[in-house]
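Chain naming follows the written order as A, B and C, and within any one chain the residues start at number 1.
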């Protein structure tokens, strides 16, 4: 036991647990809609992350030591970015690669400079692009066994339609409820917003990062629409398609990989938003949230240095 | 835009010590203390007051220092401050009061309000005092002991201790003799507790043995149901320590610099101003001892050895 | 330096340093681009390794001969010019050994002229050391580059096509053929060599302590 004996505010592990609770809440809608398969994928991904964490702590410390729930957050986030019809091994393999390559060399939660879930998503996108970006049409009949093969009708996601310069068939309002074509956790915009609100109120996520991220994405969508429509329609489609909204709440807000100052977080959010739209417009994949987050994470030490110098020279004075 | 820094909000506030009356601990030793010399009724001069304070053996509860040494230092002007209070010839006095409670002043004393829910509560008040020039803060009990020494010729033998914490169902203030064992102070306490902390909830020390005596600077006994062991994480970069610090220090940057192995003192701004309040430790969700890192940085900067490193 | 045993032992140490303990790719982080971008098949790795040896060795010997006679400011340019001069015969020999390799490698092969590992040996080491040392150093560095490239390529080719030596040069198909996989494998190799070096340092410290 050591000072301080009465602390204010949540601890790092409590913040992680709150994020975990939000992600678990995100699983409800897909599980109700598609059956046990999303839950099964989530369980397998989390178990894979736990196994990797245990292995790495054995290598490092000689004993199994898991202090926090960051591995579960990684597993669930990776599953949210995966299509429900993807093989169960896909998020597991991606999580294993991310844990071993991006987390193990650096240490515990707080040390890795890159968002581990984003590394998992990027790894899956690069190594298995067809499995990562093939979605099913939820309006047509489907059979999704928890661990077995799936029977479904393939459909093109709104993000892919936008990539081709066409307007998606679905209305923006219909993209709020989680009934559209897309990854497990990225289609229910209202649920994402509710989870985001919970995290902002509990101060487990920083609001300024999300706001600056969404603002830049919206401005770019309004001024440079990919489809022939009004700026507002372009903003609606761009913000509601793909994993942009999910990324804005669960990935760019990770306190351990984002800058440590208010101004720095605003710059980081704006940078990530710009990069995401650049990847969408010019990249090979229709969805680039993971790549944008990783590129922005690479710039975080520079942003921290610059904002620290600005804060100490122009900002804080002592009493 | 610079705002007056307001520290960090604590879960347990100073309310019990401000709103509850002071009870006398029963069974106090009635042994006669040796009185100090008699002072004249009128025109009690500064040297006489100083002698009385020295004979009374008063300890200032705010920082645990002998009040005589503090006043002599202030009077000598070695710190650069002018004279303080009547003993050291201060021009103005003020009372720092927590919350909305009255202070029983005679109307001539200026009152500065401090927010008891923020920590450190004195920081904004000290910010205001600094604008008036040189100042010193002396604890209320030390001031009361000065009065006792000058008027009643009594040495300091008692102190007021607040008993609080989740292990104490009723929080109370009590006046106890200095030297009373902690177990005696807690004797009447109902409730289960496993740890007792002396001093503040932020910087206090866990009492290893309840027969430890109460000292003049023991202001609080924190009684805890469960001794929480918190695991320390690496810095997650939330920036809460910066918001909590009242001295303009950026603790996360100082920690990063000190952990780098080759600390550059030019990248440690304001560390010499650290008052050791440990508000950064309270705010840190990773439970890192930022105060120790900042104080180490302060010592490094003070040494002037730019090649010393961490 | 006339003692042949001493020369052999010194050359052996220099070779071992170049090959493993101070491997130019995994420890020196030199010449990484070609390894991560082009070494996704063993044929590519073999071709690049041969090109490394055939370019660096003659260039190093020439710079060993004339290097110190040149002014300091001209030595970098001279090193690049000499490397470029020996690149063309090197490609000719490569085509004879592995037909079609140089053409399909494209600019990854041409970059051997300014490969930082080749440049560092030819410009920094060769002018100030005797010929025997230069030969041992370049041979060691070539072997080190070949080892790093071949291990990286073998892992990536096994992942991509399940076999070795079957994949054509220039046949990139996503996944592990991307450079990130090369960086990950090089990182693991670097950790392995660093571990070996730390064990050696501990053993040396123990021996010295006794």
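Here, a residue touches a chain if its C-beta (ideal position, glycine included) is under 8 Å from a C-beta of that chain, and two chains touch if they have at least 3 such contacts.
The structure presented is a predicted model; accordingly, all values stated were derived computationally and were not measured.
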| item | value |
| --- | --- |
| Chain nearest the overall Cα centroid | A |
| Chain at maximum distance from subunit C, centres defined as averaged CA atoms | B |
| Inter-centroid spacing, subunit B versus subunit A (mean Cα positions, whole Å) | 46 |
| Chain centre separation (subunit A, subunit C; CA means) in Å | 40 |
| Subunit B-subunit C separation of Cα centroids, rounded to whole Å | 65 |
| Subunit A partner contacts - residues on subunit B that touch it in the complex | 2, 4-5, 8-12, 123-124, 126-127, 130, 195, 197, 201-206, 222, 224, 227-231, 233-240, 242, 246-250, 252-253, 269-270, 273, 278, 281-283, 285-287, 289 |
| Touching residues (chain side subunit A, partner subunit B) in the complex | 1-15, 67-68, 107-111, 206, 255-262, 304, 308, 311-312, 315-319 |
| Subunit C-facing residues of subunit A, complex | 101, 105, 126-129 |
| Residues of subunit C that touch subunit A when the two form their complex | 174-176, 178, 180, 184, 187, 191 |
